[in-house]
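There are structures below to look over.
Okay, so subunit A shows up in both of these, paired with subunit B first and subunit C after.
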Partner chain A sequence: MTRALRPVAVPLLLLAGLEAFARTVGRNSDAVAPPSAALLALARAFGDGSLWQATGFTLGAAALGLGLGSAIGASLGLLLGLSRRAAATSFLSIEVLRPIPSVALIPLAMLVFGFGAAMEVSVVAFATVWPMLILMQAAVRQVEPCLLEVSAALQLSPWDRAVKIIVPAVLPRLFVALRLGVAVALVVSVTVEIAANPNGMGYALMIAQQSLDPALMLAWLFWIGAVGYAINEAALFAQRAMARRMGEVAE
Partner chain B sequence: MRRLDPRALVASVLLLLGFVALWWVVSHAGWLSRAFMPTPESAFAALVQGMISGPLAGYTVATIGRMVVGWLLASLLGIALGTLIGNSPAARTWLQSTLELLRPLPASALVPVAIAVFGLSSSMVLFVVAFGAMWPVLLATIHGLASVPRRLEEVARALQLGRLAFVWKIGLPNAMPDILAGMRLSMTVSLIVSIVGEMIASQQGLGQTILLAARTFQSSELFAGIVLLGAIGFASNSLLAIAEARLLRWQRA
Partner chain C sequence: MSTVATLTAERAAGTPAREDALVFDRTSIRFGACEVLSPTSLSVARGEFVCIIGPSGCGKTTLLRAAAGFIVPSGGALTRRGLAVTGPSRDVAFVFQDYGRALLPWRTVRGNVSLALEAAHVPEAERPARIERVLGTVGLLSHADKFPAQLSGGMQQRVQIARCLAQEPELLMMDEPFGALDAMTRQDLQDELARLVRERGLTVLFVTHDLEEAIYLGDRVIALRANPGPQRASLAKVIDVEIPRPRNQLSTREHPQFLHLRRELYGFLGHGHD
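Showing the complex of A and B:
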């Protein structure tokens, strides 16, 4: 066996095992289906458009929530990074809000917004505010003191100081925070759909299980994993490309 | 950040109280519907009453128990499997890419599959919690074992340590910071998956309580549940941070 085959050997063996099991012992099972049947179900979902619609919904809600959460987190982080007094004052409020698990807000979002995109966006936004806020605050604190001295010497206004000195200096780390946010946003949006929101990939997975269609269920599970993997890799690639362009050594 | 400057502490308490006061004004002025914005005092009353005479205390214990047992299982499994895989370069080449591939899968996506396989039971939720929370510990253990410094390996060879002694005396202590960081992340995952599991599989606990409260428009109970879940998250995270600082004291020396 060649070296290149090694990483895929175990998954292939497992899939073959599942195929054999589902075709013999578990033939009438509501829980397992042969991977080949799952592949067919995936192809059917491709064909009738339900796959794209659900994927689009989940990714759209995740992206909107990430955008909203990151914007709030980044501006708060900028503020708290610049002013030690603001950071010390808001410390307690942040420590009280931050540990609330984002999924605990699903019922509240459901009450306020009803089902649909808005509730999902709000929960994703809540979850993505924190990593952005923390990383941004740390990044602003670690801006080269020389740069701040330059801005003082030039007598820049606070706004100019933020826009012309601080933001460019923290941009590479802002992208690191965004990449982490992408992973969080995807996980949270799928979770919201599984727990409550009747839309998107998570709901499709849930409904496939409830209608006792294990092939479709495994197809969705595989698809959610594949989409998550692809998007995380793409985000990592984009972040590294950005860091290289800015002359930083990729982390 | 953790320096206790008394003036800043007072200011931060005042800001928090200010937020609560804002909540009080907003809810009393009726700017937002009572259906989802209870007054602070009614949320507090629901919390106290539920804890003392209602079922809230029992649900809290159930959720904490699920989270802790799942987390312990996840940590044990993660460290054991991680040691097996991380200790052998062969196992790493065969398995690492599969593990990396599975990592971004949301743990909650396994709930429907687990329902199909195990049915709606509390052991099903426990299984998903343990399985979902295992990944951070597993990957951290593998990473920590794989990054033992060259010199320590040479020391082990010079001392003629056996494989087991090497893992126990050098490998795992070296991986400890990674493992503890993974275990902290895994605790967060455990709480989240416990809540989702309770919501979907109708297992008694805070997750189910807040979902039912929302469905029956009992916003006071809903807020009480959210406050309790926040408290659980805060307490578990702080306890682990303290434990981590103590366990790793020897490294900074």
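Showing the complex of A and C:
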């Protein structure tokens, strides 16, 4: 029982400290609010539906962006991993594009897509293409050479080789890349909402700040943290479940 | 199927080239500046079981890989049934030493064997029966739905052999296939292999570092020397094994010729460069 409580002891202590601080020293602060007030604000946001609406928007945009970015990244990674020539041709383009911070693309995305989901999805997609591409390319190059010789000996067609040997061989690492992408997608989507897109959790956070409502702002911060934690745990669980299903893939 | 004796006689009488499953004609292989196989001439008759031995680094695996079409020779000719070897062919099956790496870990035993049939575009309806049949011949029927990681090393190597048999090849290339197995399993698999090869009339090129295994299995044993250099050929010794078949782990290994050949080869390998 004590062991189960151990991980929550520190957060509870911190919350209690913040509560005490906000109720004494920072009583008139515009920046801090007691967690109890934040909890009430959170309950209100639950009640009026704004919480679900904003959460749904952010998660939807993050998921779409991640799906799009991962699909593009995985296919490109597969291609570049298989073909040295393709890798050599695109190496410079990738190395120039990759370091661009995804949020630096917001102005361009805004020009192209305007405000709204499409803009946010495109920026998230840009951010998630790269880790997937790089990990897939490396994974494809590290496919057991012996399996490639088996496919040569059997004279598998290039398509069969990709579908029956390469893709299953890299699948476990594709799930790892996807899980890393989930965290990136969430961070980028909230950032886009704070910076530009008048929708979602990031925007709600901004509005709370601008309307000098630190309790609500704190409530959103907690909520974003909680959602992020839940999503990452879910992704980790899915990845492990997948690894178990392919349990015989001893690496 | 002709017997070993007649095959040997035919070879002596100058059999036409088309009867040979595989012919190395002054074949040499170099990687960069390093000549791994100096010009080697060797004919393998159809249905013949040829074992290749030699110290490590003597090019025996390279020779095998060239015969399978994985490596293109740098010089000389290499023909299979009279046609130049230009790449891998489904008529040639390759059994890798490292069975753990050569099997698809995400497919069951059945699925791994199926891969050979899929590659050969065998209609889906025919596959299950053929898989069952081939698994039956290697004694894996009861393990058909297990994954390779759930099987012992010997069984995994059986799966690989089953996959190669499903390919219905003429030639079987085996690169130290039993090298990583314990002695009992190795002997079982040797006997099974000898039986399968007889039943199917396969031509086998079998690389091993175990000279007793070479004598036990082979119709002929080819010894290669390490670092042949420009003056000497890689091919150091060719020995015909005329011990009758079917061979037996006990009596064959006590056969006078077996002992005699073992001494001869052991002396040769023991002295290294003669």
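Quick note on the criterion: the second predicted complex is superposed on the first by the 240 of 251 C-alpha atoms of A that agree within 3 Å, B and C clash if a C-alpha of one lies under 4 Å from a C-alpha of the other, contacts with A are read in each partner's own complex, and residues count from 1 in each chain.
In the analysis below, a contact is a pair of C-beta atoms (placed from the backbone, for glycine too) under 8 Å apart; a residue touches a chain by one contact, two chains touch by 3 or more.
What you see is a predicted model; the values in this text were computed from it and never measured.
S.K.: With both complexes overlaid on chain A, does A:154 touch subunit B (first), subunit C (second), both or neither?
M.R.: Touch partner of A:154: subunit C, not subunit B.
S.K.: After superposing on the shared chain, does subunit C or subunit B touch more subunit A residues?
M.R.: Subunit A has more residues touched by B than by the other partner.
S.K.: For A:95 in the superposed arrangement: first (subunit B), second (subunit C), both or neither?
M.R.: So A:95 only meets subunit B here.
S.K.: Figure out whether A:215 sits in contact with subunit B (first) or subunit C (second), or with both, or with neither.
M.R.: neither
S.K.: Does subunit B (first) or subunit C (second) touch A:54, or do both, or does neither?
M.R.: neither
S.K.: Go through the superposed model and pick first if A:111 touches only subunit B, second if only subunit C, both, or neither.
M.R.: A:111 contacts subunit B only, not subunit C.
S.K.: Quick one: in the complex, what on subunit C touches subunit A?
M.R.: The touching residues are 68, 70, 87-90, 92-94, 96, 98, 101-102, 104-107, 115-116, 118-120, 147-150, 167.
S.K.: In their complex, what parts of subunit A are in touch with subunit C?
M.R.: Those in contact with subunit C are residues 144, 146-147, 149-156, 160, 164-165, 168-169, 171, 246, 248-250.
S.K.: Within the complex, which stretch of subunit A touches subunit B?
M.R.: 6-11, 30-32, 85, 87-93, 95-97, 99-108, 110-112, 183, 186-187, 190-191, 194-196, 202, 205-206, 208-210, 212, 214, 217-218, 221, 224-225, 228-229, 232
S.K.: Please name which positions on subunit B make contact with subunit A in the complex.
M.R.: Touch residues, subunit B against subunit A: 1, 5, 8-9, 11-16, 19, 35-36, 93-98, 101-102, 104-113, 115-117, 188, 191-192, 195-196, 199-200, 206-207, 210-211, 213-215, 217, 219, 222-223, 225-226, 229-231, 233-234, 237.
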